[in-house]
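Labels for the chains are A, B, C and D, by order of writing; each one numbers its residues from 1.
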């Protein structure tokens, strides 16, 4: 019996095994580093990298990650994640609940294109032999056959040219020149852009998801972390808008002012069967 | 050591102690009742009562609870809880996430008035001696001094008369006549309504929160369960709207059609300090 | 300009089009029925059906739905949805946030098997000609090739026989005899069970997901609503456990008592590079 | 009619008014700055400050904010926010849902002490005339009378001395010496610590919430943003643990290994009244 008990305790301890953080009274170790050695010495993006990757980044890697985090914080109150957080605080919940409500909808369509674009790039990279253009065309054929015509990371329903792409691309190119990154995914991104122009005859330029997918792939993050890092960035916008909304005097803020009614297109007025 | 281990195991088991459900291989007991004896024999409102209260309700209690659950399912897509769930599914999340997003905003303002009204009724009940009118006035004075002029459960920004109140009130009165409930909270609710008319000179009629607060109080639920039961009811509307939205072909549905832009009232365009 | 404005207003109104609910001052219509005609006259399961399907169910349909809703409310505090809701309330959030936290994790694995089982049954139904056994075998071969050996709705890691299945199956058979339902999906469910026994040589009996999938399919619900209805049912358990937890005196309740530490298996203690 | 329509459109636009972000095709302005001028030039903490405060911070302000953000990312898998996110991913939801589930429980008790401590400091600051010690004692008397003996920001149930405090305090003192901050809240924090020792006779040292409350107050953030900034920091830990958990092979991970059952202390097995 006693041995069984010890076995159960061991099992319980192992149930919450982690390689991230070690805590003892008076001690907190992050990936092996005592927290007091990190505070004031590493940047917030360094910490994000250390927590998610296990080691500290080089200065160049950290700067590239930081630029991507800065670029994606917000895209206005019409984005569902932002609108939902603003509506939430008017319903009498706290900031943590409002931020959670916004983050919760960063799903496959609203928060997933960066991740999907990283998967596409990876497919191109795995397929590419000597001829990048040919393999990109092949992968796009296959991708479109499986997923339809919308290519994640390219084209934007609002911006003809996404103003966040050029400065981020310049940073990747610079990081490629100084050896911080290989530049392979930057080339793949540009090739996808070129291939889309070849097959449609018009420009479908890289958007914020396409360029952050380049950066996160160059930095060695796996595709699901593309969504993960976007969440950290967009949380800043979600929090800022929720906070701004709390300063206003609105209660139970719906999607539109109540003077604009919604449309009802269901059945005409009717009564219950009297025999029911 | 072995004794210590057994102590830890005991502690771990006790950590998740419940009086609600007992499970063993092949057996599920709900408040002591084998699940197979309940299925097909008790109603869904009976089960809600059994789970939250510990015992089964009488037939009359169950019918009254059921009527309140039926009444509160929906108040249209302009309600934030409903709008958020509809927006959520267009972002590529599943129904459980969409329902959670809607339920999450049933906070103090959007989901709390029923609970607050139950607290108000309870305050009146505790204060009332021989003269219900006088004690209601005293409690309202104190309530308004603490919380401002909005009395939860009375008045509606949209309905001059809330169509859900009359049929629910009739059911309470009938239940009071047959002894299912005492009728004390129905009297208190009516007295609050009368007192509000006395002090404002106009009708501020009981709304859905005011009448469900009467019902849940008559049935012996504590105030926080007023919100809890409302959550169960409104979840039906949240789910139904989320499901309807999935049938439409919208992606990343914001609060308004994109042809209507939002207003920006922040600083004019400016540049970073070049010395930064 | 004025015409454009009217067009925008029309577009805004249409943006929140619904066939579920129509509201005007003093009037609330649910699928065409004035709410005051429904309150006290239809059951809560009737309302769930009306909201999600558009019409009222027959008495037999409603009873079958009700039995399934009663059966799935809870499976104990070790289920993540329940445990999370209990932990949530100890963190200082309200019941709506706690319920949302629990519902949010009813994802593909925790809340999806009923939906997946309905898809499987539908595949069998679509494939079946004269020989149900042969087509079930074919569909299972294909299903396992695509999804692996776990068949949603069959087998249980805890219950050798799930005690909820027999009473629910008896109700379906009775509803089939009286013409409420066709019985086609009950036959398919039994055939899947038989086929699993044929290919494994042992009993892998239908579980709660398998039998509710039979019921919801017999009643004409589409597969995603299998998850939707499960959410409504399980919300009762989530709420009940969250409420029970609020009665106890625990703050920031973690998964295990703090006397049982977790295991750390990351890097040994190390220091920052002094040149960093 | 046309004028009315224009009025409605104006109202709809104003409904989503913001001072944070301005978007036009090809242009994104954050607080007036074109996004392309910010990317690669400002740090992530700079962006957090700009978004939440409206202006850019000085270099010293930004470094202090950054240190606080670095310090609070994680406190191990026994923290409910972290445990919940880890459990969530095993239920088949995506990273955004898992992060939202964790953030959602950063409520008054789990995520609120920093905010509450800022309120306490502010109360001391407002009350303090010439004698900081005396006014601190008075405010603490009043605080304890209203809220009980637990003082947010001081004492820790696990760490005798919180290892994050010393390095953060040193940074505040340095920032005070160089004029980045006033040092007023650092003095108040130390005085609260001294007062607690005076009245209890033992050390109840400042913890992470107490020191970040000093920093955020020194930097001019309002108390609710204490929780807001903590959310941004802890999201890094929540994401990292959720991601680590996805690498393991666990399905529907409950709070404890299933070999350790929970305790049931409800009614004994019983049967429905046969007359029911």
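What we mean here is this: a residue touches a chain if its C-beta (ideal position, glycine included) is under 8 Å from a C-beta of that chain, and two chains touch if they have at least 3 such contacts.
None of these values were measured; they are calculated from a predicted model.
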Numbering shared by both copies at the subunit B-subunit A contact, with half separating same from different: same
Label of the chain whose CA centroid is most distant from the centroid of subunit B: A
Distance from the mean Cα position of subunit C to that of subunit A, given in whole angstrom: 28
Separation of subunit C from subunit D, taking each centre as the mean of its C-alpha atoms, in whole Å: 34
Multi-partner residues of subunit C (at least 2 other chains): 8-9, 12, 14-16, 18-21, 23, 34, 38, 42, 76-78, 83, 93-94, 96-97, 100-101, 104-108, 111-112, 158, 253, 255-256, 260-262
Subunit C-touching residues of subunit D, taken from the complex the two chains share: 1-3, 5-6, 8-9, 12, 76-81, 83-84, 87-88, 90-93, 97, 100-101, 104-112, 157-158, 251-256, 258, 261-262
Subunit B to subunit C touching residues, read off their complex: 8, 11-12, 14-16, 18-21, 23, 25-28, 30, 34-36, 38-40, 42-48, 51-52, 63, 66-67, 69-71, 73-78, 83, 86, 94-97, 99-101, 103-108, 111-112, 158-164, 166-168, 170-171, 224-225, 227-228, 231-232, 235-237, 239-244, 246, 253, 256-257, 259-260
Complex interface listing, subunit C residues touching subunit A: 9, 12-23, 29, 31-34, 37-38, 41-42, 54, 56, 93-94, 96-97, 104, 255-256, 260-272, 276
